[in-house]
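The next part holds the structures, each set out as structure tokens.
Common to both upcoming complexes is chain A, partnered first by chain B, then by chain C.
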Partner chain A sequence: MNKILTTAAVALALALPASAALAQTADKRIALSNNYAGNSWRQAMLKSWAKVGDKAVADGVIAAADAFTTAENQVTEQAAQIQNLILQGYDAIVVNAASPDALNGAVKEACDAGITVVSFDGIVTEPCAWRIAVDFKQMGKDEILYLAEKMPEGGQLLEIRGLAGVFVDDEISAGIHEGVAENPQFEVAGSVNGDWAQDVAQKAVAGILPSLPPISAVVTQGGDGFGAAQAFKAAGRPIPLIIMGNRYDELKWWKEQKDATGYETMSVSIAPGVSTLAMWVAQQILDGQDIPKDLTVPFLRIDQDNLEENLATTEVGGVANVEYTLEDAQEVVNAAR
Partner chain B sequence: MIATLLTPRFLRNALPALSLTVLLLAIFYLQPRAMSYFGLNLLLNLALPIAFATIAQMCIITVNDLDLGVGAYVGLVAAIGATWLNETPLLGAAALLGCIAVYAALGALIHLRNLPSIVVTLGMSFVWLGLALLVLPTPGGKVPDWIRAIMTLKTPFLPFTIYAAIGVGVIVHFGLMRSSYGVVLRGAGGNPRSVSRAGWSLLRTKVTMFALAGFFGMLSGLSLIGLTTSADANIALRYTLLSIAGVILGGGEFVGGRISPIGAVIGAMTLTLAASFLSFLRLPPDWQIGAQGGILILVLAFRAVINRAEARR
Partner chain C sequence: MTPTLRIAARLLEKPWLWAFAAAFFVWLATIVFTGGQGAAAVLTAALAFGTFSVIVGIGQMYVITLGPGNVDLSIPATMTFAGAASMKIMDTQDSMIFIGLLVALGVGVSVGIFNYALIRLLRIPPIIATLSSSFVFQSAAIAYGRGIKIKPPPVLAEFTTARIVGIPILAIFTVILAVIMAVVLHKTVYGRSVIAIGQNPRAAGFSGISVGFTRFATYVLSATLAGLCGFVLSGFSGGASLNMGAEFLLASIAVVVIGGTSVAGGFANIPGLWGAALFMFLLVTMLNTFGLGAGIRLIMTGLIIISVITLAGGKSTGR
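== the complex of A and B ==
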């Protein structure tokens, strides 16, 4: 073992001054450990990874960028998967984790084996790993800030939450409530769980609507705006301002309303292409760059004026997306320094 | 010699070990790196908590019941282990003992009221999960250092997991298969009427087996957080079905009394390795669950063939 380490260190030392930035990672293999693939966001995330990864391999920047998804969204399965990836000898593992804490044992094992671990979206708290976190709380707060600007007189809000018990749901909701506390002209009149799915959201909103006063805006978490709109329509109530979440059906509905009545709103979510940001960060770390351990993902926000161009580039049934290039990734890194 | 090796009885007993060996060889072929201390440890260390959960399930199956709550229960133990047991060890230990007591009480309840165990344990699974969420609302906590130390013990020649798994299998084997009270316990599942006519208390056997299940479920939870270092209420929900599959794969049957402790441990290992094997094969994830089921059906089909050969004699 020691001998291998020494050889590796010597090889590294020899390689360092010799070549340009990219060549050093030409023989490095990066794996993606993903815990779930059951919705449009995750599907788009995997597609982006495959597209950018294949290109990086073809360009000779890295040797492999393989994606692995666990069959079920379970911590124990993902821990076993990470252990398998260690055995398969990857140089870096990019993780979208099923749990922020419970994978720490496996992540530590990977670090101890000399593997770079980069977590994104679903981050891990093990200190040896890099974290590309989404500031979900800020996302929730941004929705209220937009509303405060749009309707200074305030009003009654309906909050659609995500899947109960998931930390993302708690964070976005906490942000929304913090925003409401700072802007007391708003009041959350009701709150339902839409599970980030249009059909669930529609049913949940239809159920609570009869008990609600006139609603001036709906704050959402993404994947639920279109369902909410359908529920309002079916109940024959005026359609309030509904914050959207970058899904194709939401953007399309918004576009139809905009053309018909000049309907105004905004849409915010995380681009699934964040997986490619994580890949470039891993590549940069393997390249020997000094990268801060904590990075923040920028939101992808769509406003009234750039709706059309975003709708045009969004796949039917998909999510508005941005794929990162090496330069984009370096920009995010530099911003964090 | 060859004749004894080909008797159905021997084949049936050897089947779990045989399937594990075949799987292990296939993995070594696909991934030679696994053929080391480090590799075996990575491959098998998550099998230990599953083996404990499988033994817990086996205790319940012994008395002709089924436990649909063991996964959630392991989650609760993990939650307690990563919070109370670490901060206030006395409270934590008391809570864990309380959990085992509840399990024993479940056995008594099921026996006295003659309730279907599936319904009771399924109901309890929600109670366990709810309690786990109360103890640990968001994932986190920290495992007590001594558990971490045990689970990362560097033993000579083979990883700790393998020694521990062999130890558990052998101890439970002697307790249930070789001791005289073990015969009564198994008999209470296989033929309760004659056991009770012989003057043994069926209530006592049920309570004993459920308490044992609670105990092994606790070991499962604690060993699991020893590996993951922190807990999540949902951490082990999959263990319910895995443990049932492990018992059956290891030679147990749903009729009560027909069990094999060593087989159950091997069954748990086989299930864990099957998942690794499929991922080394680069099988797309959508196919993996199905393929895992396929491996299970294959092994059970072999057993059915052997049983049929035996019946023909």
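== the complex of A and C ==
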């Protein structure tokens, strides 16, 4: 009897912090302020948010998880949107921002109104907000490190960059060039802007390809690998090792090549489900947890041996994805402590 | 004046000459830089990608020729919606290609009718009407496809990427389309009505031209060509994506203007569209080949386009 009581007491003690945590945020409302929805990554991001958010609401963890997207990807529009969310009395606003600094005014207003602001992917620099950032530079560098291992003899590289003038593009490219500087057996023979879109990448690569020497590998930023493959095929050139970016069409193409010729590469990007990580971080802050202001998003990397399972779980036309649970989010937070 | 000189002199008066000349010099600069390597392959690529700008450029040119204020900003959204809808309906089956094409064209016709209804019935200026309808149709494409990229049927993919002795088949068809549209523009009542309305809509109306119907037909034409372009581009690039039309908003207007068509309306020419489309592609290729940074590339693109338009425009003002 005594033993049973003790067990029950221990079980209760163990369960208590968790249920207390749930109770404290059960009446809290979280809003997502999103600046853009016009590509498959953002669509997947919104879907993950809706899925995990609805479940959290149904489970009584939070009272609401509403997503709002601006139509025009304009800073002014998103600033106005954030002001509306303040007036609507949300307890936390999760932001994927159109600009790192231009929204700071609106974010400060939200903080001053006692609202928790968590920015992710497109982060804001306002100190009162939390930032869940991506180490894009490391992502670029990882590509070269993989190549250095794969082809120690080195070779000529074609670099496909993103949208000119966007900070993400500068960071990934800086990482790639840093990697090349440390591995001088590689040389960037050409560089084009693919705007993270397969058709733009295909066009740009098709243009520069005739003037290039034989290419050993293509370093990319995601959303451009399949387009690059199409361009090489159309030009009748041998297809080099193309780093992929977790898009369904890229993974599917890779799988086809792998089955046909044993083609080897790797794929790396950010899971769109990072929006759910931001949601849990906001929930934890509302719960009174002490969360570091700067967190880093882990990459989602796909290699030769786990290609099939990742392809199977990736929605047709979507992006390889990971949705976070509360426990996953706590792990990311603990890693940053 | 000898006959050759006379021909040369007449040729120099053509507003489209400058676009071709610019394309040629940019191509020359590229192959000089590479030491002759890839000279033909670059041209093949330019023809392949120029095709899409020309298809939408023809529609945009007809609209712009209607006179000041006329422009079709719904082209990117129409392309995206037509591409997404047709790819989804064909669902990679070869037997459905014809139906897919009809769907793409149907989307185009519907957008055109919707655009003109906004312009005519609600009296919204074309620039606002087509911009707002582009939001409607872009959202429709997002809701319909949810970002899903469905592959084209194999035969369509094969056809849109096939080439004969280095010339893309699609480019050959588009040249034929351009010739037909040039004949329509200069030799038919409809085409001449478009030009007449662009020069003076009141005078055109008094001379018995049905201004309303001509404008209606032109907006439908532009949207239909955008639908067609969305269809073939989806086949060419391995499926429809939500942002596939984005670059064609500016490209469709740029090829019209650089090609020597008057932005103020009333004067149009089709050959210039091809010259300008090749020029735009080769220009980016040249700057990429030179290995310049993105900032310098954009500045150079701007400056070179300004110079070409200035040269071409200087010739056509005398008319």
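By our rule, the second predicted complex is superposed on the first by the 318 of 337 C-alpha atoms of A that agree within 3 Å, B and C clash if a C-alpha of one lies under 4 Å from a C-alpha of the other, contacts with A are read in each partner's own complex, and residues count from 1 in each chain.
Note that contacts are C-beta pairs under 8 Å (C-beta built on N, C-alpha and C of every residue); 3 or more make two chains touch, one makes a residue touch a chain.
Here the structure is a predicted model, which means the values were calculated and not measured.
The superposed arrangement places chain B and chain C next to each other on chain A without a clash. When the two complexes are overlaid on their common chain A, residue A:239 makes contact with neither chain B nor chain C. By the touch criterion defined above, A:167 lies against chain B but remains apart from chain C after alignment on the C-alpha atoms of chain A.
In the superposition on chain A, contact is made by A:37 with both chain B and chain C. By the touch criterion defined above, A:71 reaches both chain B and chain C.
In the superposed model, A:206 makes contact with chain C only, not with chain B.
Using the contact criterion defined above for the overlaid structures, shared-chain residue A:311 touches neither chain B nor chain C, since it reaches no partner. Contacts of A:79 after superposition: chain B is touched, whereas chain C is not reached.
In the superposed pair of complexes, A:102 makes contact with chain B only, with no contact to chain C. When the two complexes are overlaid on their common chain A, residue A:227 makes contact with chain C while staying clear of chain B. Between chain B and chain C, the smallest C-alpha to C-alpha distance in the superposed model amounts to 5 Å.
For the contact definition in use here, the residues of chain A common to its chain B contact set and its chain C contact set are 37, 71, 165. Residues 37, 68-72, 74-77, 79-81, 83-84, 86-89, 99-106, 108-109, 113, 125-126, 165, 167, 170 of chain A are the ones touching chain B in the complex. Interface of chain B with chain A (complex): residues 31, 33-34, 38-39, 42-43, 45-46, 49, 133, 138-141, 224, 227-232, 234-239, 272, 275-276, 279-280, 285-286, 288-289, 292. The touching residues of chain A, counted against chain C in their complex, run 37-40, 42-44, 71, 161, 164-165, 190-193, 197-200, 202-204, 206-211, 226-227, 230, 234-235, 248-249, 315-318. Interface residues of chain C facing chain A in the complex, by the touch rule stated above, are 30, 33-34, 37-42, 45-46, 48-49, 135, 138, 142, 145-151, 161, 233, 237-239, 241-244, 246-247, 281-282, 284-285, 288-289, 291, 294-295, 297-298.
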